[in-house]
Amino acid sequence: MNRAFNDRESQKILDIIKNFARKNSLFILAYGTGCGAIEIPPTITSRYDAERFGIRGAATPRQADVLLITGYLSVKTLKRVIRAYEQMQDPKYVMGFGSCTINGGMYWDSYNTIKQLDKYIPVDVYINGCMPRPEAVIAGFVKLQQLIQQGKALGWKHYKENLEWYRQNQQKVIKNWRMPDYNW
Amino acid sequence: MNTLVVLLLILFGGGIIAYFAYNIHKIVGDIWLVLVGFAASIYYIGYLDVSQVLNIHLAGFVLTLALNSFSWIFGLLIAVLLPLVALYSIPYMKGQDRLGWFYMLFLFSVGGMYGILMAGDWLTLFIFWEIMTWSSYLIVIYRRSEDAPRVGLKYLIFSAIGAYSLLTAIVLIGANVHSLSISKFFEVLPMHSLGFKVLVGSLMLIGFGVKAAVMPLHVWAPDAYSTTPMNYTSMFSGALSKMGIYGIGLIVINLYYHSGISLAGEIVAWFGAITAVLATYYALIQKDAKRLMAWSSVAQLGYIVAGLGIGTKLSVFAGIYLAVLHGLFKANLFMAIGAVERQAGTTNFSELRALIRKMPWTFFSALISVIVLAGIPPLSGFVGKWMLYESMITSGHYVIVVFLFLASVAGFLYAFRFLFGVFLGQEEKEFEHVKEANPFMTVPMLLIALFLIVLGTFPGIMFKYIARSMADLGFYGVTYKMSVLTNDWGQSINMQYIAASLVIVFVLFLIVLTWVAYKNSRNVTTKDIHTSGEPPSEEDNYHFSENFYRPFQRAFAFVYKYAITPVYNEFARGIEDFFQYVRRLYTGNAQTYALYVLLFLAILFLIAKNIH
Amino acid sequence: MNIWNLLLSAIVTTLLGFIIGVTYMGIRRKIVALAQNRYGPPIYQNFLDILKFWSKESNIYHGVMHHLAPLWMIAMAITILLIVPTQYGSKFFENLSFNGDLILILYLMPFGQLGMALGVGQTGNPNSAIGVTRGLSLLVGSEIPFIMALIAVMIQYHTTSVTDLVRIQQEHHTWIMFSSPFAFLAALCVLPAMFHAGPYEVIIAPAELASGPMSEFGGKYLGTMMSAGSIFMFAKLTLFVDVFMGGSTNWLWLIVKTFTVYLFVIAVGIIMPRLRTEQAIRRLWGWPLVFAILAFIQVALF
Amino acid sequence: MADLQKENLLLEVLKNHFNDKIFDLKVQRHQRVHLRTTTEQIEAVLLYLKEKLGYKHLSHISCVDWIEENRFELVYILWHPEDKINVLVKVDVDRLNPVAPNIDYIWPQANTYEREMREMFGIQFPGLVGRKELILEDWDDLPPMRRDFDTLQYVMENFEFRSGREDAQNVRETIAKRTGEEIPEFAKKYSR
C-alpha cells in the first residue's frame, strides 16, 4: 500500500487525476484593476458562459485558484495584489490581461504603474490585447488548462523558490513595505 | 446526634469561624473555607441519614427538620457546587477586602439553602428562607460598586414581596389547617375549598417565584446576578435560584395536580414559557457577558418552571433534570466569566476580543457549558430538552412547546454571541498579556464540564436519583435506562448510538484532515484575513461586536418595542420610590429590617390566632 | 443489530448520499445555467470542485476551532443521514433510524451550524461573523414554522419517530401531504430557507459579505464543507420526503421524490430575488406561520 | 449668436464692486466670464460671487503649471444655476513658494481638490484638514504633476521595460514626418 503511493508510476497517475480536477475547476479571483474588469462580466455571463469550463467566481482569495490582473496595475494596487496573491492557497495561477500587464502598454511612461507584472508575481498566462475580448480571455483560460494538465503551470512553486528575488523587486517599487510576514 | 443538625452546624459554625479565620490571615481563611466546603459536601453525600427527623419545640411551635428524596437532589447540587466554588474562590477573591464577612455570608446562605431543603414545616422553611435572602442580599451589596445599592434595593424589595406573600400563606395555613407541617398540609389539602387552595398556592408561588425569577418577578435577577462577585453568582444562579424551583415543584405538583386543579399548573407553565421567550430575547441584545448570562438564567429557569407546571411524569422528570443541570452549567459559565473578568479585566463585549488562544481551558469549559445550555446533542442539555419537549407534545401542550422552541432556537443566538464576544474574533494588542486563569479556577470548571459531557451519553447516572425523588412527589413507577430515553407514546432514542455516530465520524475526519493538511499547514494570525487586499495596520481591529443582531432586532422590533418596559420600568421605579419613602421611616440598618420582618410575623400570628 | 452490518450500511448510505447530493448540486448549477440561457457546467462539476479542493497543496490554519469547523458539519450531516430512514422495510439500510426521532434531528441540525460558527469566529473575519449572525437570525425565522408543521404531524399520528411516520404512510397507502395539507404547505414554504437557497441566501451573499461564513475557508476545509453540505442537503430532502411524501422502499423512488422536492427549491431560487434578513424573517413568519396555525387547528378539530 | 447681456451685466457689477482688485475681465463667449485676481483677494471675490451673486456651485479647481513663467495658475470654475453662467476665476501662485488660501469653508468640496493639488503640485493650503495622502501612497519624490518632474526618467530609474519595445516610434513625430508638418520647439520638449 505504502509502496504504491511512493511508486513513481502511480504518483504520476495521482497527479494526472489531481491536475484534471484542477484544470476543470478554476475559481477566479477577479482583481478588477483597469479597463479589463469590464470584460469579466460578459465572459462569465450568458453570452460567453465561462462556467462551462468550470470557471467560477470566488469571493475570497482563500477559495480562489486563479488571480486575474485585469489591466494596468498602479504601485498602490500592486501592494494589495501581492497580499491577495499570498493569501491564496497552492496551487495558484495568475493571468495577466492586456498589454499593460505585459509591458506597460499605453502607460509605458507613467510614473505610477508597473511595467512588467511578472517581476512582482509569477504569471502563468498573459492574454494579449488592449483589452482582450471575452473570446481571447476564454482562449487564455483554455491555454491555462492545457498548462495545468501538462503540469507546467508552476508559477506558485517558482514564487516560493525565488521569493527573495520577488521580494526585492516588490520592495523596490513599494517604498513603505508594511506587510505582514508569511511563514511559507 | 442528628446528622441534619450536624450539617447545619458545619455550615453556620464554619461561617462564623471563617469570619475570624480570615481576620487572622487570608491563607488560614482559604484553607478553612475549602475544608468546610469539602466537609459539608462529603458529609452530605456520604453520611447524611435521610430518614432522620428532628423536632424542636420552640415557643409553642414545632420546628421540624427532615429531608426527603426530592429535596435531597437539590442538596446534592449544592453539595457538588460548594467545594468547587470554594476552590474557585481562593484565587478569584484575591485582593478583596472584608473577605471574612463575605465568606461568613456565603456559608450562611448555603446553610440557609440546606435549611430550606430540610424544613419539615412551613415556619422552619420561612426562617431559613429569610436567612438565605438576607445573606445573599448582603453579598449583592458587598462590592460597594456604583449601582450596588440600587441593585440591592431591587433585590430586597422583590425578596420582601416574596417573603410577605409566603408569610401570609403560612399564616393562612396555620389558621386553617392548625398545623404547619408540610406533609400534613398536602395530605389534608383536598378537603379544603378551591378558593383556599388557589389563594394559598398563588401566594406561595409568588414567594418562590421571586427566587426562581419567573417573569413578573424577575426584575431583580439580571442586575443582582451581574453585580455580585462571580463566585457567588455561580451559587446564586446555580443553586439559590433552585430553592425557588424546589418550592414551585412542591406547590405545583402537590397542591395543584394532586388536588385536581391542573389548570393552575398550566398557567404556571405558561408563565414559565413566556419567561423563557422574553428573557431569551433580552439576553441576546445585552452588551455585557454577565448580563447576558443573567438573562439566560432567567430564561432557563423559565423552561424548568414550564416543565414542572405541565405536571406529567416525564415533564416533571425533565424539569428536575434541567434544574440540576442548569445549576451545574450555569455555575460553570459564571465561573468562566469570572475567570475572564479576573484575567482580562472586563466582561464587556465591545472591549473583549479573542481570548481563545490565551485562555483555552476556560474556553473549553465555557464551550461545553454553552453547548449544554443550547441543548445540542450529544451533550446532557439535549437530554433534558428532549424529555421536556416530548412530554409536552405527548400530553398535547403543543402551543406551549412552540414557545419553548422559539426560546430555544433564539437561545442559539445568545449562545454564539457569548462565545464569540468573549473568546473569538480578532485579537487585540491590549489582551496580549492575558494568561490562562489559575488552576484553582480552571480545574473546577473542567470537572463540571467533564461531568456534563459524560452525562450526555449516560444520563442514567442522574436518572437514578431523580427517579427516587419523583416518588416523593407522588409519581411512582418511574423507569429509566442508562442512555435510552423513551417518551409517553413509546418512541425512544438511544444516546449511545447518536454520540457514537457523531464521535466516530468526527474523529475519523479529524484524523484524515489533520493527516492530509498538517504537512503544508500555514499558521496565520487573525489579522491575515480577507480584507480585499488591504493590509490592516497594527491599530486596526475589525472585530464585530456592535449591533450584533441588528437584523434580528429589526425583524422582532415589536417584541422589544411593546413588551419591554416603559410600563414595567415605571412600575419598578414606582416600587423603588415607594421603598425609598418607606426607607426614610427606618434607620436603613439591615438589622432593623430583620426585626420588622420578625415583628410582622409575630403580629400576623397573633391576629390569625385571634380570628380563629 | 449486527455492528458490522450497521457499519457497512452506514458507509454505503453515506457514499450514496454524497454522490446523490453532489450530483443534485451539479444539476442545480446546470438548471440555473439553462434558466439564464447558458450552456452551464457538466453535472459532475461539483465532484471536480471537491476533488480540486482536496488536492490543494497548502493549508491555512487559523486555530483549533477553525480546524474543527468542517468536522462538526460533516459529523452532523452524516449522523442525520443515518437517522433519517432512507429505505422503508429494508433490513440492511436500517442504520440508526430506530435510535433517533424528529426532535433529535431538529436539534442536530444546529449542531453543525454552531460548530462552524465557532470556527468562523476564530478566523476574526468580520464578514464571516456577520454571515453567522444572519444565519442564526434566519434560523429563528425558518425553524418555527417548520417545527410547528412537524408538531402538528406528530400529534396527528401520535408518534415522534420518522420511521413510524413512514410506516404509517406506507401501511395506509397515503401521503401526509394529502392528509395534513396545511402542515405540508408550511414546511414547503420554509424549505428554501432550510436550504439557504432561493431568496434566503443572504447568509453567503458573495458580493456583499464575501461568501459570509466560508470566507476564510479554503482548500481541504472548503472541500469537506462542500461534501458535508451535499450530504446534509440530501438528508434534509430525505427527511422531508419521509415525513410528508411517504418515504420510499427503494433508492430509485427516493431519488425521484427528493429530486422533485429539490426542483421546487431550485425553481424558487431562480425566480425570487434575494431578501434582506429582516424581510426574510418577516416573510417566513407570514404565510408559513398561518399555514402552521391552520395545521394546528386541523389537529385540534379532527 | 445669443446676446451677451447677462454676461456684460455681471462684468459691470464686478468691476464696480472690486475696482482694480480684479483685472483681466472679459466675456470669453456665451455663458463664460473670465477674470483674474490675486491670492489676497481670492476669498473676497469667491465669497462675493457665492453670497451676493448666487454662484452657488464650485464646479472645479484646477491647476496649471506655467513653468516658463515660474508660476502656478489656479482656476476656480463657478456656476450660476439660474443665470447659467460659468465664471473662471484665475489666481497666480508663486512657483517657488506655492501657498494659496484654503477655501473649503466656502465650499466643502474644495477640500478634495485642494488635497489633490497639495499632493500633485505641492501647493500648500494653510489650515487644510485631511490625510496627507489622497491618491498616491508613500510618495517621496517631486510632486508628480509638476512639469519639472521627468516621468520618463523616473520610470527608467524605478521600473524596467520589457525588451522588444526599443523600435517603438513616437506617434506624433511619425505622423509629422509623413505629412511634412513642423513641430514647434516647445512642443518637442514637452511632447510627453
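Going in written order, the chains are labelled A, B, C and D, and every chain counts its residues from 1.
Definition applied: contacts are C-beta pairs under 8 Å (C-beta built on N, C-alpha and C of every residue); 3 or more make two chains touch, one makes a residue touch a chain.
No experiment lies behind these values; they were computed from the predicted model shown.
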| item | value |
| --- | --- |
| Most heavily contacting chain pair (counted by C-beta pairs in contact) | B-C |
| Chain occupying the most central position, where position means C-alpha average | C |
| Chain whose mean Cα position lies farthest from chain C | D |
| Separation of chain B from chain C, taking each centre as the mean of its C-alpha atoms, in whole Å | 36 |
| For chain B paired with chain D, centre-to-centre distance based on mean C-alpha positions, whole Å | 73 |
| Chain A and chain B: spacing of chain centres that average the CA atoms, whole Å | 57 |
| Of all residues in chain D, the ones touching two or more other chains | none |
| Chain C residues counted as touching two or more neighbouring chains | 57-60, 210, 215-216, 219 |
| Contacts with two or more other chains, residues of chain B listed in rising order | 520, 522-523, 527, 530, 532 |
| Pairs of chains in contact (touch as defined earlier), listed by label | A-B, A-C, A-D, B-C |
| Residue numbers on chain B that touch chain A, as the complex places them | 520, 522-523, 525, 527-528, 530, 532-535, 537 |
| Touching residues (chain side chain C, partner chain A) in the complex | 29, 33, 36-42, 45, 48-49, 51-52, 55-60, 206-207, 210-211, 214-219, 222 |
| Chain B partner contacts - residues on chain C that touch it in the complex | 10, 54, 57-65, 67-68, 70-72, 74-76, 78-79, 82-83, 96, 99-101, 103-104, 107-108, 110-111, 113-114, 117-118, 121-127, 129-130, 132-134, 136-137, 139-141, 143-144, 147-148, 151-152, 154-155, 158-161, 164, 210, 215-216, 219-221, 224, 276-278, 281-282, 296, 299 |
| Complex contacts: residues of chain A adjacent to chain C | 17-18, 20-22, 24-25, 45-46, 49, 51-54, 56-65, 87-91 |
| Interfacial residue positions of chain B with respect to chain C in the complex | 354, 356-357, 360, 367, 371, 374-377, 382, 385-386, 389-390, 393-394, 396, 398-399, 401-402, 405-406, 409-410, 412-413, 415-416, 419-420, 423-427, 487, 489, 491-494, 497-498, 501-503, 505-506, 509-510, 513-514, 516-518, 520-524, 526-527, 529-530, 532, 542-544, 548-549, 551-552, 554-556 |
